[in-house]
Amino acid sequence: MGNHEMIGAVVTLVGSVFLFLGALGIVRMPDLYNRMQAGTKATTLGNLMALLGIGIIHPAWLIKLVLIALFVLITNPLSSHALARSARRSGVPLADVTVRDEYEEVLVEKGIEP
Amino acid sequence: MRTIVGFFAAFITLLALWLALVGNLDPQEIAAGSIVAVAVAVIARGAPFTGRSLRFLHPRRLVTALVYIPYLLWSIVESNVDVALRVIDPSLPIRPGIVRVRTRLKNPVARLVLANSITLTPGTLTVDLCEDELCIHWVDVQARNIDEATKKIVTGFERFLEVIFE
Amino acid sequence: MNVLSFLNLVDLLVCAVVLIAAGGAALHRNLLSAVVFAGVASLAVSFLFLRLAAPDVAMTEAAIGAGLSTVIFLIAVRRTQETEEEDR
Amino acid sequence: MNNPVLILELALVLAGAAALLAVWRLLKGPGPFNRAVAMDVLGLVTMPMMAALALYSGRGIYLDVALVYAVLSFLGVTALARYADRGL
């Protein structure tokens, strides 16, 4: 029971709290885009912190865990951006609370009716 | 000359990735990794990122890149706490909307990194990129026009990326 | 509760997720949703393989299920139509 | 509350709850896009759980499964988005 195990466990716990809040966000948020904000972003930090915490507990795995975190940091925005773009283009509606949508004019300009 | 430098940059990066994945510095691993890295670098010789790699070794760009990484991580943490607080608030205080912002960056790789950084910070999500404007979904719209939105979202990242890539 | 029985509970939940996702993949009318269900089912199965101490099988399942089979299913869906019709 | 194992278990419970919430969105979410978001979240939750499993069993090779999933999971979602946009 070294000191670093305690620190790592606490970091993992904080990461799990963010994971939980992100998942709560995708249940509570009103439309797809807000769900994406809560779901795939808040969980990114949760994921990174949980992996880092496990790396602190077991320092021999730190390099591999940092590699996993790096891949998550590179690939996650790519996939969520692609998903948001094609969802907006194929007409997934925005929630009623939406303040404004300046993307609509761009789509009309290009001749894609959402 | 440019292709040779690009080839070596790709080779070194791939070999470092291989060694990080296997996790030891055994001569056998280095030999096998070198063979695979040469093969991949030859196959991918025309790909982006492999050309003009030496200019990234300029000390000013390197230092800016090293400062940029903690800045990005800090803004991820900051905005994450913000979004998490919005989620657990029972009244769900969001004012979402899609806004357009301008970017001064011209280099495609710089634009890719900018769009990725904006997407990585919660609260903002890049929906589309057309010519020199980005369309961004924002959980809490605080700006009334395009200049204000640009100032709030893009300028912080752009300051660094301009030095690193342009 | 000790770690072992706790992990058995996790196993049961993952089994339930496999059943739900596989049922969704088989029963759903929208074929794109069915593809996503299949992806989730293969993710949960890969986690179960990991619990059964077979990391190599789990690795293959993750690679094939998450990456390859989704793409192949989508290519197959493109050649048919997106929504299934009731045949009489 | 000064036992690391206990804290890790609590973290695992929270991650499992997050996975269950994502499964709820997977079942309910209208249309394939919401389900794809749920799949993305499930992938992000599963990676630390796999790493925690590696910690419990003490076998480093379990991490490779998480690595493979991190590299390949975005491929399925991106292929789905691209298909919905202009047909692969």
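Note that the chains are named A, B, C and D in the order they appear, and that numbering of residues resets to 1 at the start of each chain.
The rule we apply is simple: a residue touches a chain if its C-beta (ideal position, glycine included) is under 8 Å from a C-beta of that chain, and two chains touch if they have at least 3 such contacts.
These figures come from a predicted structure and were not determined experimentally.
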Number of steps on the shortest touching-chain route linking chain B and chain D: 2
Separation of mean Cα positions, chain C and chain B [Å, integer]: 31
Separation of mean Cα positions, chain B and chain A [Å, integer]: 15
Where chain A and chain D are represented by their mean Cα positions, the distance between them in whole Å: 11
Whole-Å gap separating chain A and chain C, where each centre is the average of the chain's CA atoms: 21
For chain D, residues contacting two or more additional chains: 5, 12, 19, 31, 36, 38, 64, 67, 73, 80, 84
Chain A, residues touching no fewer than two other chains: 22, 24, 36, 44, 64, 67, 76, 78, 80, 85
Graph class of chain-chain contacts, one of line, ring, star, complete, other: line
Each pair of chains that touches, named by its two labels: A-B, A-D, C-D
Touching residues on chain D, where the partner in the complex is chain C: 5, 9, 12, 16, 19-20, 23, 26-27, 31-32, 35-36, 38-39, 42-43, 46, 49-50, 53, 56-57, 59, 61-62, 64-65, 68-69, 72-73, 75-76, 79-80, 83-84, 87-88
Footprint of chain A on chain D - complex, ascending: 2-5, 7-8, 10-12, 14-15, 17-19, 21-22, 24-25, 31, 33-34, 36-38, 40-41, 44-45, 47-48, 51-52, 54-55, 60, 63-64, 66-67, 70-71, 73-74, 77-78, 80-82, 84-85
Contacting residues of chain A [partner chain D, same complex]: 1, 5-6, 8-10, 12-13, 15-17, 19-20, 22-24, 26-27, 32, 35-36, 39-40, 43-44, 46-47, 50-51, 53-54, 57-58, 60-61, 64-65, 67-68, 71-72, 75-76, 78-80, 82-83, 85-87, 89-90, 92
Footprint of chain A on chain B - complex, ascending: 17, 20-21, 23, 76-77, 80, 83-84, 87-88, 92, 94-100, 115-116, 119-123, 125-128, 130, 133, 135, 137, 139, 141
Touching residues on chain C, where the partner in the complex is chain D: 3, 6-7, 10, 13, 17, 20-21, 24, 30, 32-33, 35-37, 39-40, 43, 46-47, 50-51, 53, 55, 58-59, 62-63, 66-67, 70-71, 74-75, 77-78
